[in-house]
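Each in structure tokens, the structures are laid out below.
Shared between the two complexes below is subunit A, which pairs with subunit B and subunit C, respectively.
Right after this comes the complex of A and B.
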């Protein structure tokens, strides 16, 4: 649809028609000149490293081997029998399932609660958005101290109520949930912003029609709000899932993957294998694996997103 | 009777909504309040419900030469990365928003999807590359690694901003004889300024936030604040880390105060439409 208006404007504009041929040709090169610096940077620092990881994953490259030797798919086969990798996969799946739905639901609730004209709306929106802007390391540190026995907020108050300090981050059962809570806290305000933007696009007449038909608040939400927020929800789910797999700073600062690998997530495991065990071939294989997972998620959601948007227009 | 029932249900619903809201507010604001308490806490031990007031840890943190060096490094590298990012990305964003050319969608998608690449995995190859270029443990290396974090914001928000500007304004300027550069600087840029400011601030925070890449590239002499945090948490008393986390969160607070006027959800959402 946009293309049609483009064409119409182009045809209607006498300036465009009067433009000499040489000038028009220059305009065709110009977009690529504009893109060149950023594309060169992107290629050097993201696409080249990815290709390089693909290649490195086929070699045995460790600190103890002086020359990389080609080993085919052995690094990948090694992952299949690596018990830590299996645990890391389980942790990552748990982290994904435990953070994404809760964060997105929380964001939707916050947006619905704050999508009204009230003197307190803006201050609360701002306050809820603030955790998003905090550096992840800073946010992780805040929660690290909140959880710390004998120092943090939770402990000081819980001890008064329940008695006995719980070492959240030191317990194999509680450490991953504790990191999840921080992650939910950090991201809910970010996704809330997308939902607030989505809510603005829903025409008020729909709600008026709903009210005339006698629809209750919950019915209006089910029949109008939630379906029309579909593309937003899908988009937020995509970003949230990618973020869940990209989580590393909080693990690095709060638990170091422990206790006993119960909080070791995929990206942190790559960090360990590459920069602590110096098994670069295995780290590359892990990178390629994670990339495949992320691209599959992205392709899936973009496919659905595309279809949804076409239906709506 | 039935009216009374209606009001009772309405009141109950409102009470539930208020309760939910207060619970959420406590969850989100609680840790931020702790941060505030820490800023001035000397020690905070059971069974005190509030910490004892003191600024001694501030003096301790700000008197530590490693800490001040990290603060300086952060406030030099993050603005440098933001500016470099703006210089290379804003022309691209303009092209994505305004010009029609083959491959536009694919290229825009390649910028957006690069953010989904597993960063730590990339750092292995990037470190090798920077090592060959003699950029490991240099200021330039740290800036480059931070720019990677900013690309998404610097492409996506300005693209949405430029797209939101009415084309007729630019065409009107052209029609009265302004060249493309003059049109850009006198018409497009002033209108786009709030959106670009938001992009710059987000890019700054993204660069400032970068921890893992800077740790790998900048160790041992080019440590930024997030990297320093790790050392502080591991080997200093807790109040030091707490005070430092207050310092780490100050730039984002300033951001909110500066940008609140311009910060509309639209800027974030607009760039994502292809």
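Right after this comes the complex of A and C.
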């Protein structure tokens, strides 16, 4: 096919006839030219920063040191003994464990409830999806008010049940869960969308066959819906885990990592170290660590889990 | 169509001629020189339409100074503005001047980012000119015998109280608590509990640690703690008996007298305190003078402002931003930046900013500026903040101030949550801070 096109162009163009080799070379360059714009962006905003972080993490670079000095792995060794970093890791793990399963499960339940068309499907879908449309910063600002002790929304409604005055964002035990609740609320609707799309691809005959065999709703879910949603679940888990490690807006706006560092998550800590404390070498080491975590999540998802997932009906 | 073309050509010729004349006139007006363009970063650290006021003032300056063109760049809050300025410095393209959080002095010096202003001050009347600024505001403008910043949007925490609640509790509304003992006693009278012992009105709220230990520094000064090196910014002393007593007093308000909401004072608490005050959920609060306009426009009750109650002495830290001129910019830019700073801090202009923002007056002559005198008639409470400046202490200004401030915040919150005792928390902070300051010894 390609050869035919080339032949036609050879005939049509005298210049091409004169210099066939040059033309052929240009022909092969073309696909790369199409890739060039995205490559340029990726190189500028992804590859170069990664390489530069890797390099910087091996130096002692602070804004006060005029010439960075090579220190090998000392920045990484420093992380191992940094008690705040240890706490940040614990917080991040808690945040991951607290948000991802709940968000994904909630998204699945919402999608199952809203998959069949009835009168209220559209309004409900809109209602659950709408948090996704809000910028996270705006949502966090709203939830700041929701969590206000005394007259915030939650306190007003909880007063009747458990008594008011709960200081959600001020309590070391409740601050991180409070931020988690906001994050779950914000993301569940978004993941629901993926599940809705996934549900559309499951052939109706399968359910029909299931019903003929006398399978209950739960059996249908276990034997048909959930396995066939496998790829969607994998994808959503991956996105949700990466999101959990990239959470920073809500921390920055609602808690500033406090109280007593109980809501300090990895990306916020990087921000603190880099742009408040200007310890750029340590921030680079933290960045490399975050990068390694994200790549591990991706590798785990695509490498190990993928093998257990049904793609074909 | 041909005729139209000709007319078009003629019109273009005429336009070009007009443009040429206009350019010539403009050049003559500007002394045949392009104006010096100054990159000016400024943060907004208080509520209100301050962006617009800043733009208006810069436009007025540009209109009256044809040789200079100040280009204001809104740089976010103080932390963001500092990050932007430092990134620009590290990238070799510093701004010409900026308003930055005043305690960043050593951070800026350590990065060789700013220049001393002594020569420029000498040109402008020297000590006589500088002495018109309130002394407390200049405390953290000085290092190594040089002046490095000129006060601009300065504030101080101040004590607001609800006069109506004082009356209801049988207290004299014109006599705010003078010291910590009275504060605790007033707090007990002003804390109201319902039948099931739930607090419906708190006595006092002090956001001692939000993301910065600013208000807590007031308590440290009042306790008589010498908590940092005011000369060279190289040491801190967070765990002195005085400092521990200040933290203990905060905990007493929360646990012993139960007149302050329990638990750590968080980032969200900072904004919640003035809200609680106007919602009448609390009788007395510590908050910045920068919130006076907010309180004045929203409070539906009689309120007053007073000094922060004294411990061993009265005291409050100063706060807010000052003008810095950056290093490695052309000499004519330095002069132009200085012209701008001088103009902005003229009593009439400074008064305009104070009134529009609620920041404290920065100069003594500002008080007699007609606009400010009129403002004081309307808001007599604004004078309290100015008077408190006389007893104000220096805000912690040391090397790596942001990192060490965060350490102190963590210590306060650890004590408030009960994870550590006040002594243990401050010992920990002292160890961590000393380790960081090691490199400057």
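As a convention for this text, the second predicted complex is superposed on the first by the 271 of 313 C-alpha atoms of A that agree within 3 Å, B and C clash if a C-alpha of one lies under 4 Å from a C-alpha of the other, contacts with A are read in each partner's own complex, and residues count from 1 in each chain.
As a working rule, a contact is a pair of C-beta atoms (placed from the backbone, for glycine too) under 8 Å apart; a residue touches a chain by one contact, two chains touch by 3 or more.
Since we're looking at a predicted model, the values are computed, not measured.
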Which superposed partner A:85 touches (first subunit B, second subunit C, both, neither): neither
Touching partner for A:275 - first (subunit B), second (subunit C), both, neither: both
Subunit B versus subunit C as contact partner of A:113, first or second or both or neither: first
Partner chain(s) touched by A:261 [first = subunit B, second = subunit C, both, neither]: second
Which superposed partner A:95 touches (first subunit B, second subunit C, both, neither): neither
More subunit A residues in contact [subunit B versus subunit C]: B
Touching partner for A:56 - first (subunit B), second (subunit C), both, neither: first
Partner chain(s) touched by A:172 [first = subunit B, second = subunit C, both, neither]: second
First (subunit B), second (subunit C), both or neither touched by A:148: both
First (subunit B), second (subunit C), both or neither touched by A:35: first
Set of subunit A residues, in rising order, touched by both subunit B and subunit C: 144, 148, 150-151, 165, 275
Subunit C partner contacts - residues on subunit A that touch it in the complex: 63-64, 66, 144, 147-151, 163-165, 167, 169-172, 175, 254-256, 258-261, 272, 275-278
Contact set on subunit C toward subunit A in their complex: 79, 83, 86, 89-90, 107, 110-112, 196, 198-199, 209-211, 261-269, 271-272, 275-276, 279, 281, 400, 402-403, 406, 409-410, 413-414, 416-417, 419
Touch list for subunit B against partner subunit A, complex: 13, 17, 20-21, 24-25, 27-32, 34-35, 38, 44-49, 87-89, 91-92, 94-95, 99-101, 104, 107, 110-111, 113-126, 128-129, 144, 147-148, 151, 155, 167, 171, 174-175, 205, 208-209, 211-212, 216, 225-226, 229-230, 233, 238, 241-242, 244-245, 248-249, 252-253, 255-256, 260, 263, 265-266, 268-269, 272
Subunit A to subunit B touching residues, read off their complex: 6, 9, 13, 15, 27-28, 30-35, 37-39, 41-42, 44-50, 52-53, 56, 106, 109-110, 113, 122, 124, 126-131, 133-138, 141-146, 148, 150-153, 155-157, 159-160, 165, 185, 188-189, 193-194, 196-198, 200, 217, 235, 242, 245-246, 248-249, 252-253, 266-268, 270-271, 274-275, 280, 283-284, 286-288, 290-291, 294-295, 297-298
